[in-house]
Amino acid sequence: MSNILFIGLSLSSILLLIALGLSITYGAMGVINMAHGELVMIGAYTAVLSGLYLNLNLFLALPLAFLVSAGVGLAVERVIIRRLYGRIIDTLLATWGVAILLQQLIRLEFGLSFFNIHVDGLGPGFQSFPIPAFLSENFDIFGFTVQPYRSFIIVLTIALTFLTWFLMYRTSLGTQVRAIMRNPQMAAACGIDVNRISAWTFAYGSGLAGVAGVLLAGFKAVIPDMGESVVVDGFLVVVVGGVGSLFGTLLSAAVLGQINGVFAILTNDIVARAIVFGVVIFLILLRPNGLFGFKSR
Amino acid sequence: MLDVKNLNSFYGRSKAIQDLSIKVLDGAVFAVLGRNGVGKTTLLRTILGLTDKCEGSIKLNGTEITDKPTFERARAGVAYVPQGRMIIPDFSIKDNILMGGFASSKGRRIPDLVAELFPYLMENLERPGGVLSGGQQQQLAIARALASDPKLLLMDEPTEGIQPNIVEQIEECITRLNRELKLTIVLVEQNVDFARKAASHFAMIENGTCKVDGKIEALTAKIVSQYMTI
Amino acid sequence: MKNRRQFLKESSALGAASFLAPSIYAGTAAGASELEVGVLFSLSGGLAMIEKSLSDATLMAIEEINAAGGVNGMMIKPILEDGASDPKTYNEKASKLVIRDRVPTVFGSYTSASRKAVLPVFEKRNNMYFYPTYYEGYECSKNVVYTGAVPNQQLSNFIPWIFKNLNKKKFFIVGSNYVYPREMAKVCKILIEQNGGETVGDEYLELGHSEWGAMVSKIKNSGCDVVLSNVVGGSVISFYREWKNQGMTHDKLPICASVTSELEVAAMGAEFAVGSYASFPYFQAINTDANNSFVERYRKFVNDPNAPTHHALESSYFQVYLWKQAVEKAGEATPDAIREGIKGQVFDAPNGRVTVDPDNLHTYLTPRICQYKDDGQGTIVDEYSEPLQPLPYSAYGETANDMYCKESGLDTSKL
Amino acid sequence: MVENRSLGQKLDWAVYITFFVVVLCLPLLTDDVFWLNRISKFLVFGLLGLAIALSWGYAGVLNLGQGLFFGLGAYMFAMSLKLKSTTSLQQGSDKPVPDFMVWNAEPGSPTELCCIVPGSWLWLPFQSQTFGMIMAIVLPIVVAFVVGSAIFRLRVSGVYVAIITLALVLLVRLLIIDAQPITNGFNGLTDLGWLELFGIEFDPYMYETYYLVAVSCCLIMLAARWLVSTRAGLILQSTRDDANRSRYLGYDVAAYQIFFFVVSAAIAGFAGMLYVVAAEFASPTFLDISFSISMVVWAAVGGRSSLIGAVIGAVLINSIEASVSETEIFKEAWKLIIGVIFIFVVLLLPRGIAGVARDFARWLEDKHLLSTSKRG
């Protein structure tokens, strides 16, 4: 039983990890960022490349990937997103283009292959990202087998969620973000630099995607299109949880992850996934504002 | 204080303000009057830079602010009490007031005057803004504007949809702000009686442009009937 | 009843197919110095990571042949197209190559789905397709030459070997949810039964699935003593990583795989595959001069000193040579001539001698089993002394003496 | 004002007529059957763009799962064409069954369509091509009606409709792939027979097929245009702008939304059927998210609230994709270029090609009015 719960918990933590960044960029800023998955991918590649060239391990790769993805996110916000605030579907379409662009850039090794320069670790092939040995060896505590890598992901996800909560609800920056989220014009009229704060917020959400990328690289193939499949799951979690509600996102990730885990064990993964989609559709039909959404949007 | 010249302002393709010029003197309470939809609210929003595009000149204390972003105008001392109040319902009263503080050079704090003017708000600082009545929300919106330590206060129909007894309080409040804090106030109004009591100057707007302006004493019944009756 | 194929040919000859009259194939006109062929793999999308290497191997073979003087004195000119990992695009590009560019042959495809999407184009327009990937069998087309392994070439050595050498009897079969793994599972079950073993589980996961927690836990609790994996693509990496993550080791409960090639092992990190087994006709570890030279040439060709080579890649390479020999034998490069020419064609490929079966147009390959080491390479632990005949219908009782897919066509009454 | 509008309308009609003439005369200009087939596939995609424009541009309902209806239509029709194909059927029994069923069946199963694998009886009625054709439109309609009723009666709107349709298409895709014994799973339905109508066999690379697609496309465009100009269409557009106001005015807003959602689904289903005729296969990748989003992009590029704009957008984008991906120097970078085009269109042409055309028309009108007023 504890085994099943642990599987559910680890599924939840992955979902939350991906949804956390989205709950910022979508929830707070009304941007459907289809390139979120590609920011995850960039985080994963940062981990691979920093391991190859800088000899960084997982722990050092985390902050680096955060910075790199945040940087890319910032650039995307400055060049594209900021012209599209308030046009939610247009953000979806434009970032869809960004997603294609980023994927193809990685595949083309930043265009270097045109000049016959090859960057080892980039390009179309699979990449391998090593995880530290002590995170891959199981050990027993009180008869319960601890899977250190999964546990590490769970702990880090909880820490990141707490950090995000703290930033959003306990800092002046967070107040400004939440004010912009509710009413950008009034926020501006109150002296909040909406452009700058939005850019930083977007960068923060993107950075979280980068961190997710490093952790995913620990158990997933690192390939240019690894982000495609995660972004939809992320959106489902955020919408079910309620746009703009961090607690809702947390709860929805927990619930959907557990449903997935329990049914995967009882039946199989395909049925479990189908049930998760069914639950998502049902929940949105019944509560379009999500489990904890506020109504103003 | 505020000098608006040859202002044109747009929502998308449509022009809402046409070649409008007004001058608001330091310390004045300036009433902007006119029928529904003539561009009164748009004028306030244009002063704050909240419309899509504007041409012409807006000077605040002699400084050109036409091309500045909204938040800089707010930090330069323009505060806004919008139509519908725009209180953030799930922020506490305290957070709502402190929001204004982002524009203040003195840091984010609740001004003493707020405590004096609105004791009810001070007693309920932790309650969410959404539960307040219309009049209380209006007070909250004013408190928020005051928290930004403003020089110029833009108020959009502060008496709209509010019980008569509270209207008096708000009128008194405006007068005190004007006298004690030396605040210049631009007041958009439909209620001519209220404007006559509270304002020192007026401008009559039609079709996005200023038709008549001057001291409030010059607001004759004829002008009112010409531009405001339907 | 009038034979349908006949009818199709006649009716299309009236209209569109007049463009396809043999005389217009490039290179068949007298004095031409170029021979165009299609090369159709995904250069973008999710499968590009694998298919790019197949495309490269094909181009490398073409370059080598051209450098050695071409085919009958003609240079091969590849027309490269991008299938974009999408059957719709595959179908469209195939019809471009066949109908517009009028090439007599296309080399291409990695997945069964993309092969199935292009097949109608080749069959109805009577063109030739060379398919390099191991696949599920059950196909008897006169328009495809299959140079990858079919189930009997991967499994009929593997399962008995597991019984005999690993002494395992209880199998858990796991695969991605599509045709190939399901068909492989079917052949496995037959072989397991024949050897007196037991199948304790048979489960499938979505293609590209990366969350293996539940499945590995299920396998752990199933009571099996060996896992047979037909998982493909990126899922393989998640699978092996989760395997170790849940404390499983290949010395106690080994994964024996039909798809885990050097490519996937390099991607997951060698430490996750150490001790696991795989069955393919080709491994990079084959220690012959021919193969070592091939690996070296390929790495030079793609400008990557660590590039792994694998079974489908090797087939992509040698099938171009088979094709060249077929054109030379036939003397002209039309689909019909190539089909006749390819029958019984023999070539010394990096994996050893390969022969195209004249009946079913599949290829004789040498089954091998390897155990992966900590450097990502395999140690070949078992190897047939000679190539094994391809039997695409082995799951339905096809044997070397009783072939279902003959030169005359498929004998459906036997199914 | 009256004159003003009539000029705009004239221009609008001119665009339609030009489009029809070009589409219908294309075979006279070229004998490249490959390109004709390709254009016919693109025209099918044009219908998908039109379906999106109808629900998104006119009803304000963004369906991110239009691929569901396209896929259902394609599968329904492909099932009956599969049973017409003599090359891919299991011969030797009274009721030949598709080849893949034999292979997914337990050894020793009866080779009859009714019962070779569980659920294969579903295929029985598809022995009639007409049934497949009808189902290709009816099934999308039924599904759209059920889904649309749930969505719009519960007053779900905006992005949430998009998310629901997205989850739905993923769910159905998963189920189709999982039901391999009767759907052939990930490989889809391939090796189909040709459509036969009035004694004509539609070889996808023959003029007949091109005309079948082109004429269907033109007729549907006309019908859709007529539909949006009816009272129902006008009410719907006012609903898009302000659903509550329409509700107060006493209109059953949900009913109009459901109706247009269903019409859009029917068009997508029909497009799926035509695609099967032109491309000779049906695949679960028709239900990929990326394909559904592509449809929205086509409509956005063409102009989301212009029916013909969406059709032209689809044809244009697909032609660019095809040409760029077949240009030597862009072979590996073509997706990059497509990505850049998407971004630029959204940023610079928010109303798409149709928006540019309308601005141009307005400019012409202004000039026209100016010159007439001068004369006056």
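Per-chain numbering from 1; labels A, B, C and D assigned in written order.
Here is the rule we go by: a contact is a pair of C-beta atoms (placed from the backbone, for glycine too) under 8 Å apart; a residue touches a chain by one contact, two chains touch by 3 or more.
None of the values given here were measured: they were computed from a predicted structure.
Asks: Hey, what chains does chain A share as contacts with chain B?
Replies: Shared contacts of chain A and chain B: no chain.
Asks: Walk from chain B over to chain C along touching chains and report the minimum step count.
Replies: The distance in steps between these two chains is 2.
Asks: Would you identify the chain whose Cα-based centre sits farthest away from the centre of chain B?
Replies: Relative to chain B, the chain whose C-alpha centre sits farthest away is C.
Asks: At what distance in angstrom does the C-alpha mean of chain C lie from that of chain A?
Replies: So the centre of chain A lies 36 Å away from the centre of chain C.
Asks: How far is the middle of chain B from the middle of chain D, if each middle is the mean of its Cα atoms, in Å?
Replies: Taking the mean C-alpha position of each chain, the two centres sit 52 Å apart.
Asks: Just the number, please: Cα centre separation of chain A and chain D in whole Å.
Replies: 32
Asks: Mind pulling the residue numbers of chain A that touch at least two other chains?
Replies: 104, 107, 228, 270, 273
Asks: Of all residues in chain B, which are in touch with two or more distinct other chains?
Replies: As it turns out, chain B has no residue touching two or more other chains.
Asks: For chain D, give me the residues that contact two or more of the other chains.
Replies: Correct list: 174, 178, 332, 335.
Asks: All pairs of touching chains?
Replies: Every touching chain pair, ordered by label, is A-B, A-C, A-D, C-D.
Asks: Would you tell me which residues of chain A are touching chain C in their complex?
Replies: Chain A residues touching chain C: 3, 7, 10-11, 14, 104, 107, 116, 118, 120, 124-130, 136, 138, 145, 147, 149-150, 216, 218-226, 228-229, 260-261, 264-265, 268-270, 272-273.
Asks: Per the contact definition, I'd like the list of chain A residues that touch chain D in the complex.
Replies: 32, 34, 80, 83-84, 87-90, 92-94, 96-101, 103-105, 107-108, 111, 113-114, 228, 232, 235-236, 239, 270, 273-274, 277-278, 280-281, 284-286, 288
Asks: What does chain C use to touch chain A in their complex?
Replies: Touch list, chain C to chain A: 43-46, 48-49, 52-53, 177, 203-206, 208-215, 217-218, 233-234, 236-238, 241-242, 244-247, 263-264, 266-269, 303-304, 306-307.
Asks: Could you please specify the touching residues of chain D with respect to chain A in the complex?
Replies: Against chain A, chain D makes touches at 62, 150-151, 154-160, 162-164, 166-168, 170-171, 174-175, 178, 289-290, 293, 296-297, 300, 332-333, 335-336, 338-343, 346-347, 350.
Asks: In the complex formed with chain D, which residues of chain C make contact?
Replies: 4-5, 11-12, 15-16, 19, 43-44, 80-82, 84, 86-88, 91-92, 95-96, 99-100, 112-113, 116-117, 119-121, 123-124, 138, 177-179, 182-183, 206-207, 395-396, 412-413, 415
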